[in-house]
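Order of writing sets the labels: A, B and C. Residues in every chain begin at 1.
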Amino acid sequence: MTVQDSPTIEMPTSGFRREDFVSPDILEEEMERIFRKNWMYVAHTSQLAKPGDFVRHDLAGESVIVVRTRSGELRALYNFCTHRGAQLLEETSGSCGRAITCTYHGWTFDYDGELRSAPRMQPDFDKTPHGLKHAWVDTWNGLVFVSLADERPPSVAERLPDADFGEHQLERAKVAVEYRTVIEANWKIVWENGGECYHCAINHPELGRVMSVTRTGASESHSLVADYRFDRKFPLLEGMHTLTMDGQFRSKRLLGDPDSPPEGMRFLNWHSSIFELTAAADHAHIQTFKPLSTTRTEVRLVLMVHADAVENEDYDAEGIFELHRIARGQDSGLCEKTQRGIGSRHYQPGPYNTVYEYSSQQFRHLYQQAMGQL
Amino acid sequence: MTVQDSPTIEMPTSGFRREDFVSPDILEEEMERIFRKNWMYVAHTSQLAKPGDFVRHDLAGESVIVVRTRSGELRALYNFCTHRGAQLLEETSGSCGRAITCTYHGWTFDYDGELRSAPRMQPDFDKTPHGLKHAWVDTWNGLVFVSLADERPPSVAERLPDADFGEHQLERAKVAVEYRTVIEANWKIVWENGGECYHCAINHPELGRVMSVTRTGASESHSLVADYRFDRKFPLLEGMHTLTMDGQFRSKRLLGDPDSPPEGMRFLNWHSSIFELTAAADHAHIQTFKPLSTTRTEVRLVLMVHADAVENEDYDAEGIFELHRIARGQDSGLCEKTQRGIGSRHYQPGPYNTVYEYSSQQFRHLYQQAMGQL
Amino acid sequence: MTVQDSPTIEMPTSGFRREDFVSPDILEEEMERIFRKNWMYVAHTSQLAKPGDFVRHDLAGESVIVVRTRSGELRALYNFCTHRGAQLLEETSGSCGRAITCTYHGWTFDYDGELRSAPRMQPDFDKTPHGLKHAWVDTWNGLVFVSLADERPPSVAERLPDADFGEHQLERAKVAVEYRTVIEANWKIVWENGGECYHCAINHPELGRVMSVTRTGASESHSLVADYRFDRKFPLLEGMHTLTMDGQFRSKRLLGDPDSPPEGMRFLNWHSSIFELTAAADHAHIQTFKPLSTTRTEVRLVLMVHADAVENEDYDAEGIFELHRIARGQDSGLCEKTQRGIGSRHYQPGPYNTVYEYSSQQFRHLYQQAMGQL
């Protein structure tokens, strides 16, 4: 969804069509053109510290494992045996053990996917072509991304040239809370909901005590047609420092350089990768969305603190999670209500609020490009 | 399904084809040609007494609300916001409050559907074209019907010229019992079952103590090809007055004129609207059927008594419900058994009993006309 | 799937394609070309001893009953009424009573399917053409098979010319244990799993104490291209006599001639009928597999002992069942893991182990013939 900035581009003035929210064919095309093509967030590098450590990533009908090899690199491997196709690793994360072993017939693969042994095969059997198939993997600010594209896409850093989280030193963070929930709504409804704050004033009273819930969209964004939006100044209210219930830090061990901790908050909304990152000085917060069907979306929240922060001493998990959890619950209800409404054959895409739903317009424009609709 | 009476019309001699009972394409066409086109029963007017009162009606993929406006009329409005499409009213019935408000972004509509306010939209935003979309509503004998047709169909009274329930004064009744259940069978199996009493003798012993379960069909009907069947004389047995376990009244406050209560029972079977109405002097009984899928049907039973009848004083709800509930359970089992049987690829439509399954023949004939199969 | 033995036939060297495991269209074609065409095991004749006894058989969208007629023959009848299509017999097995009666409108059929009475039909109604539709039935070694083919296929005995279970006198056995379970995997994964022991060594420790789990496939089979595999010598370990936890008999009343009980075990794997039969001297063991959807398969296990064996005196059910139950559970897990793996769009059929997966090669070859893929 990379596009050239241009003053002549016409932004969409109304929302997605009904079929975009309910058609299985369109979902399959979205899988092909968006989810199997772009970089998708998988894990923090601290979850893949030692050789043999793996994290599983299931998306778009595929199961991929990211493994730390003996030489210290990361490899993304399709999670099925090249013999009868049995799934290799069934846990979400952990260690492969001494090798990646298929428990069906005992075939064994190295961490980099090469077939090491295939017991009792016929004498003329050649192991070489039967290694595990691989996908692409990239690391950015300590965050691991996978792409299922045929060709390796430009790196995450190339895709997000000015999304600067350097001060927060996220590569030295660790995961404090991970949370998954399912919303009965199309993923685009969920993504649009997360990108606009037009709905905040009457739906998020707790957020409204910490941040400005009437901020507009366009003014803070660096480009009308970028495939992401990066804000250096998150609109915290006076005296507020982070997204917690009272706006105060809930981790004593701050992110970044101890002598010069990050100031304010930064915010990234990456449309192509359905990836949202917010970083305050005490904790960073990732939100990603995965379609399970036309009307079901899995939401994943990851909260990170400094790697050295000790739970219940330096930070309490509920303290950094509470506001996010509450807002997530409120938003989920709104998204599900929207999915129920757009089911009508008489539904017509309504007008965008061009002041407050700027991010939705930006997203819909990029989506139409990615889907070949422009 | 209105047709001209004609002696040359050939009635079908055998039942529906297998595909009529299992094909999703045929169900979609039935939705278009029957359920979204004809008048469908929604509520009794007493449930919409004051301005702002509403009843929700979900059918054929649509959600519609019927609202009493400030000027006292009824309006049928599609239940989604014209901004992002969120569903507006989630309860089955109740009061809208001071306006119909979308809780997503705060857009507010009058009871007649006009957009009254859209907070913080861009300055040049014109509210006029963004009112709620409307459907058609009609009232007949105090019963509220909705149609989702593009053009307003002829009124219910015009469709049922001689279905006379005047004596029962149903507009002065109220709902005493409302009951919904789901049957695992195609809606046409359920409708045919309700229209014939060939199966009664061996399946409804309780009914058989109150009414003649060997009555034939054709003789009591006023027309071979009408799209409804109206009987002025329901075949009660000697000494029986209503459809209760012992055939005696279970509401002391009778329907109609207190000085001249209705005599006997009247019965309406309206094929086009999948609507059945039986009225005795003590209570009236509505049955409607709504397809949920090719093999699932929601049944709704509504029992009405006089508006002034006081529960547990003038009537007991179980007393007027019991026989209907028992017969409904027996019929549901028969319908589900039929659905299981017609799943066979070797199923061929069987012969109609032209004496006792007259109503099925009449229905199938009208159905074939409505579906363009004749 | 009958083929001519020929030395020039090329056996497949790799497994089924991804679409073979997930496509509903292919499943429908398998139903047509395999499951509705071939003989499918239904019951043991002892379950159909008296006139009116029936066993119900549901497969491939059809429900068929096998009934013992008054003249002592077996008839296979489609289980729906020829009037409105209602299912006739809802139990799995039992006695029809004095006739096969439809409880909807009271139509009554003889055990051979003829319509005996249709109460209160119009005077000119002719019962003759409204008998129940029939399928084909055959008996082999006391086992009852049904075929839904249009034409009666060659008998089971003709299809299995040298599968000799005579010594075991299975027609004088009875069912001791019947067990059904559902596996979340395509039926071909389940069938291939049952036909090879390449996976046994690392997955079936209990089996490995009784039989050789490293036996190869081809050497024991009589023909490379037969549609079944019959082994006269099941590879029991020294001192082992049957498939129980310790390899010792668990029924004192042995099968066959009491003066000369069967020696060793016999094994049949019949690809076309998805039917497996193992017979030891103390008990015989049937396994059949029925697709419920592309990714769900019902497994049925039937354990038989001599008709005169008395439970808890001559045999204990758990004793003859335990090893089979344990192995079934282990195999089910492997099959489900394989189904999960082959879902990847990158899955390519892997190579067969031509020594140990001979049976899979044989099956895939016959399958391709049956499906018109060769």
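The rule we apply is simple: a residue touches a chain if its C-beta (ideal position, glycine included) is under 8 Å from a C-beta of that chain, and two chains touch if they have at least 3 such contacts.
To keep track of the chains, here are their UniProt names: A, B, C = Aromatic ring-hydroxylating dioxygenase subunit alpha.
Predicted model only: the values in this text are computed from it and were never measured.
Novice: Which of line, ring, star, complete and other names the graph you get from chains that touch?
Specialist: Basically all the chains touch each other, so complete.
Novice: Note whether the interface between chain A and chain B is symmetric in residue numbering, meaning over half of all numbers used appear on both sides, and answer same or different.
Specialist: Result for this pair: different.
Novice: Turning chain B onto chain C with a C-alpha fit: angle in degrees, nearest 5?
Specialist: 120
Novice: Measuring from the mean C-alpha position of chain A to the mean C-alpha position of chain B, what distance in angstrom results?
Specialist: 48
Novice: Among the residues of chain A, which ones contact at least 2 other chains?
Specialist: Answer for chain A, listing residues that touch two or more other chains: there are none.
Novice: Can you name the residues of chain B that touch chain C in the complex?
Specialist: Going by the criterion above, the answer is residues 15, 192, 198-199, 201-203, 214, 334, 337-338, 340-351, 353-356.
Novice: Which positions of chain A touch chain C when the two form their complex?
Specialist: Chain A reaches chain C through residues 61-63, 78-88, 90, 103-106, 120-122, 125, 130, 133.
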